[in-house]
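Shared between the two complexes below is chain A, which pairs with chain B and chain C, respectively.
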Partner chain A sequence: MALDRNIAYIDLTTGEVRTEPIPLEWRRKYIGGRGLDAYLLYTHCPPQADPLGPENALLISAGLLVGTMASASARTHIMAKSPLTGILGSANMGGFFAPELRWAGFDHLVIRGQAERPVYLYIHNGEIEIRSAEKLWGSGVYDTQDLIRRELDDPETQVLCIGQAGENLVRFANVMTGRKNAGGRTGMGAVMGAKRLKAVACRGTRSIAIRFPEEALEYNKQIIDQVVSTKVSQIMQRWGTGFIFGVTNTTGLVRCRNFQYNQLPNSEDIECENLDKVSIGLDGCFGCQVHCRHRYIIPEGPYAGTYAQGPEYTSQGAFGAEVGCRSLNTVLVGNHLVNDYGMDTLEVGSMMAWAMELFEKGILTEKDTAGLRLAWGDDEAVIELVRRIAFRRDIGDILAEGPLGAARRIGPQSLPYLIHVKGMSNLHSDERPTPALALNIAVSSRGADHLRGRPAIDLYNLPLPVLERVYRNPDGYTGPLTNSYSEYEGKPRMVQWQELVYMAVDSLGVCKYHTVFLSPNHPQFKEFARLIYLNTGLEFSEREIWDAAERCYTIERLFNLREGMTRKDDWLPDRYFDEPTRLGLPVARGKCIDREKFRAMLDEYYRLHGWDENGVPTPETLERLGIAALKPAA
Partner chain B sequence: MKIQKVMEGPRDGEVRCLTCFERFRPQLGAERSRCPKCGMEWRISWPYPKTARVRGPVWENFPLGTEDKI
Partner chain C sequence: MGKKILITDPERCTGCRLCEIVCSVKHDGVSNPALARIHVVKWDNEGFYLPMRCQQCREAPCLAVCPKGAIRRDEALDCVRIDYERCIGCKLCVQACPFGAMGWDAERGRVFKCDLCEGDPQCVRFCDMKAVDYVEADRLSCVRMRQAGEQYSALMRRYGRG
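This part shows the complex of A and B:
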């Protein structure tokens, strides 16, 4: 059945491998995927561990519904202490790896220690081998996967791996699978690199028995209908997430030239509609009907003819608006390079834009960059900088340290220009006109990030009854809600609700585009309960899923507090409060975040989570969630 | 089947103005259209023959200060 998968505990120092079943009690409390990873990280990573040391625990998991009849149940979760931020490291990716891991008999891998020489794991039908990766070391993401499949003589093997950036301990290196599925954010690729773990290859033929197969199949048809009948899904099927850029750039919600502007005018070339010129069709992850990623051939320049996939909205920002470039080719090349080197496109774009502003202000000079002029909109300089970061060459070596590490090396004069929260750079979005989205990035458990709690539907000006239908369930919230994105009232609830629905889908292993992220009409707690029951036989009420998500989110909070995080880390860079936006539509122009109102939002957010005024979960909250044994840091 | 549902539904061909959120229906296949409520002119794209979306503003008409012409 869907519940009979194991956890493997792997020590790369000793070569010991041990497998154990997953207790049913853990399923009820933490579900699986990201939720159970949070508990395993808290219990297996010692306090104050060196993120790049052998004691850090690297967790790789498939969510509870992965490989079942649930639509878009393809997600792999990666967790460890982050070498970028020093707190929770967490990344979620699509593709085909997670179902293969389940078919091979495992839901969670807990990897500790450090191999003496490069290795990869080969997991097949309950067996785990540690094999030499010496011949793979130095290879990019695309080649690594091909070479492993050739070595195993099995084209069906799914591979999760790092590229050169992970080997070089770039602190925002990704774990990758396929051409573009990225376990991005928080540098999980560097953790693999430090453990000398080049890849995890997986092949399984063990079926996942569905508890009520006919009903599950029928119900999933309803879910697919529910998802693909929304306009947002249909546009995604056509142009992927790139469609978002047209909306946010028009409104004035994108970071341009680091944080100096909030819009890139005359940027038609990088709009999603132009992907039609280079796309050879769209592709999807396991079990998904949306198919949101383009397959494309780079049309011109030194990389002409290269096959790649994407780009996502994030790369339009990283290689477009943030660095002031207006060339689709630059977006396509930049996207290809970060995927093959295995780096976080958001962090790369943000670090480059920051360096360019420092260059503009004379804080960095050509002496610091080995002659590279970091001028806004210089397509060649942008692509060169990507390469230098991946291989840690001159200025790239500094930027590869991530926001705070690089600022330490450049000097305190660089700090005011840094756009980060908790040591992680933000998406290329500008949240000054949108208090809800600003709160989301300030409190996210892994640093500035939109995928932890972004109430994106706040941008739609939806009727209040629609917001009430979404945000009053399943716990009967009765506080305020407002439907204008420039308001402050009611927004903490939207952020808290989104945090828990995202925790739930990440624990189930389902894609966020199959829940209330970009559409209020997508599945949420009610549908999750039915999907779990029909596929696994486990009975969860909506409220029990909500409680499990809250429990797991609270454990992430406890982990961060244990590593030294405090209320002051749930805050935004001063520029959000002090520099009004300059461009965009009237509703977004001249806006900055009001400090006092933001402080009040933060207080309300803590209260909703059952945390005290310092953001520490209260004893009553821990008791209610059944995790009183996990004490907050003193 | 479901794609047809939206494309042939009551909101077939509709877009929302990003300035005032008014729903309006550009002429089928039009590349530009003006919001009837606030007058803002938009570039329109058509992901499917009867489904429209706001692609972006008409930049030459978009209000930018001289110092902001980046």
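This part shows the complex of A and C:
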């Protein structure tokens, strides 16, 4: 059944592999996937560990419902202490790896130590083998997967791996699977690289018994209908996530030229409609009917003819608006390169945009860049910079250190231009007109990030009764809610609620496009409870899932506090408060965040989570959540 | 209504493999592509996906090779079926099928194949793209002709009459 998968403890230094069942109590408290990873990281990563040292614990997991009759249950979660931020490292990705891991008999891998020579893991029906990866070292993400499938003589093998960026310890290197499924953000690829773990290959034929198969099959159909009947899913099925760019850019919510403008004018070429010219069809992750990205062929230039997937909304920002480029081909090539090198497209875009602004201000010069002129909108310079970052050449070596590492090397005069929170760059979105979204990136447990708690439906100005239906449950919240995205009141609740619903889906292993992210009508706690019951037989109430999510989010908080994070880290760069937006619709123009109101939002956010005014979980909260044994750092 | 046949269209397939697990859940109550009667064969380096399954052959090699007459045609459903009462588990049919559509369930010690879910194929029901479809055979050619003729007819309408 879905509860009989194991956890494997793997020590790459000694080569020891130990397999244990997952206690039912852990399921009830932490569910699985990201939630259980958070608990395992807290208990297996020693305080103040070197993120790139053998003591860091790397966790790879499949959520509780992965591979079952829960639509889009495709997600792999990866955790470790982050070499980018020094706090929680956490990455979530789709594709086909997680279900294969479960069919091979495992839900969680806890990887410690450091191999002497490059290795990869081969997991096959309960067996775990450590194999040499000497021949794979130096290969990109596409080739690595291909070579492993050839070596194992099995094209059905699913592979999770790093590219050159991970080997070169680029601090925002990704873990990748397939053509573009990215375990992005926080540099989990560098943790693999430091452990000399090139890949994890998986193949399994062990059945996952479904507790109530007939009912689960029918309920899955209902969930799929619920998801694909919404307008936003239908648009995504047709255009991919690229459609978001047109909407946010028109409004004025897109960072352009680092943080100088909030809109990219004349952006027609990189709009999603143009992808039709290069697309050979859409692509779905395991079991998903939303199939939100394209398969495409690069049409021109030195990479013409290359097959890649995407580009997502994030890449339109990274290789478009942020760096002032307007060429679809640049977006297609940049997206392909970061995926093959295995780097975080968001971080790459932000680092490049920051470097370009520094170049414009004269803080960086051609002496620092080995002659490369970092001019806004220079397509060739952008693509060249991607390569230099991946291979750590001259200026690329500095930018590969991530925001704070690079700023240390360039000098303090570069800091005011940096758009980061807790040492991680933000998406290309501009949150100055949207206080709720601004709060989300300031408090996210992995640094500036939209996938931790973004109340994206706040942008729709939905009728209040719709928001009430979503945000009052399942704990009976009675405080304020407002439906204008310019407001501050009631927004902390939206962020807290989204944080917990995302924690829940990440623990179940279901995609965020299958919960309340872009639509208020997508599945949430009520549907999760039914899905868990029909697939596993475990009975959870809506409230119990909420409580488990709160427990796990609090553990992430405890981990960050233990590693030295404080209230002052839950804050935005000064530019959010001091530079009003210049472009966009009237509702987005001339906006910046009000410091006092933002402070009040932060206080309210802490209160909702049961944390004190410094953002430290109170003893009562820890007691209520049953994690009093996990003490916050003194 | 004419008899229906199961068809697949690689141009529509997004490669999600939902068809595989709804198949194994429907037939065996478990999620396991190794037990699915349909499989999406993927050429990941090109992004080409092709769902493969039993073709319900008229001259079925599995039926012809069976020494016990345990495989027969169901004319009503236009389907090749296994009679487990007669099957001795010799697996000759598994080797004979040119499409790999006859499977062997090692755990239960028996062969398995697509039974069209008694006329309501779940792979079709769940495929939002209709990359797997169940259509009336006598209309299929007509539909294909119309699709294939679209480009030609558009050109003719534009330029054909001078």
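In this section, the second predicted complex is superposed on the first by the 634 of 634 C-alpha atoms of A that agree within 3 Å, B and C clash if a C-alpha of one lies under 4 Å from a C-alpha of the other, contacts with A are read in each partner's own complex, and residues count from 1 in each chain.
As a convention for this text, a residue touches a chain if its C-beta (ideal position, glycine included) is under 8 Å from a C-beta of that chain, and two chains touch if they have at least 3 such contacts.
The shown structure was predicted, so the numbers you read here are calculated from the model rather than taken from an experiment.
Chemist: Give one of first, second, both or neither to describe whether A:Phe96 is in contact with chain B, with chain C, with both, or with none.
Modeler: In the superposition, A:Phe96 contacts chain C only.
Chemist: I'd like to know which partner A:Val228 touches here: chain B for first, chain C for second, both or neither.
Modeler: both
Chemist: In the superposed arrangement, which partner chain does A:Val247 touch: chain B (first), chain C (second), both, or neither?
Modeler: first
Chemist: May I ask you to decide whether A:Arg295 touches chain B, chain C, both, or neither, giving the answer as first, second, both or neither?
Modeler: The second partner, chain C, only.
Chemist: Could you look at A:Gly324 and tell me whether it touches chain B, chain C, both or neither (first, second, both, neither)?
Modeler: In the superposition, A:Gly324 touches chain B alone.
Chemist: Return first, second, both or neither, reflecting whether A:Val587 touches chain B, chain C, both chains, or no partner chain.
Modeler: First partner only, chain B.
Chemist: For A:Gly287, is the partner it touches chain B (first), chain C (second), both, or none of the two (neither)?
Modeler: After superposition on chain A, A:Gly287 lies in contact with chain C alone.
Chemist: Which partner, chain B or chain C, is in contact with more residues of chain A?
Modeler: Greater contact footprint in residues on chain A: C.
Chemist: Quick one: classify A:Trp239 as touching chain B (first), chain C (second), both or neither.
Modeler: first
Chemist: Considering only the contact definition stated at the top, list the common interface residues of chain A for chain B and chain C.
Modeler: Residues 228 of chain A touch both chain B and chain C.
Chemist: Using the touch definition up top, name the residues of chain A that touch chain B in the complex.
Modeler: 225, 228-231, 234-235, 238-239, 243, 246-247, 249-251, 256-257, 261, 264-266, 268, 271, 273, 324, 376, 461, 582-583, 585-587
Chemist: Under the touch definition given earlier, write down the residues of chain C that touch chain A in their complex.
Modeler: So the residues of chain C touching chain A come out as 11-18, 21-22, 24-26, 28-35, 42, 44-47, 107, 122, 125-126, 128-129.
Chemist: Where on chain B does chain A make contact in their complex?
Modeler: Its residues touching chain A are 2-3, 5-6, 18-19, 21, 45, 47-48, 51, 53-57, 59, 62, 64-65, 68-70.
Chemist: Considering the complex alone, what residue numbers of chain A touch chain C?
Modeler: 67-69, 71, 96, 99, 103, 142, 145-146, 155, 178-179, 205-210, 213, 216-217, 220-221, 224, 228, 237, 280-289, 291, 295, 307, 309
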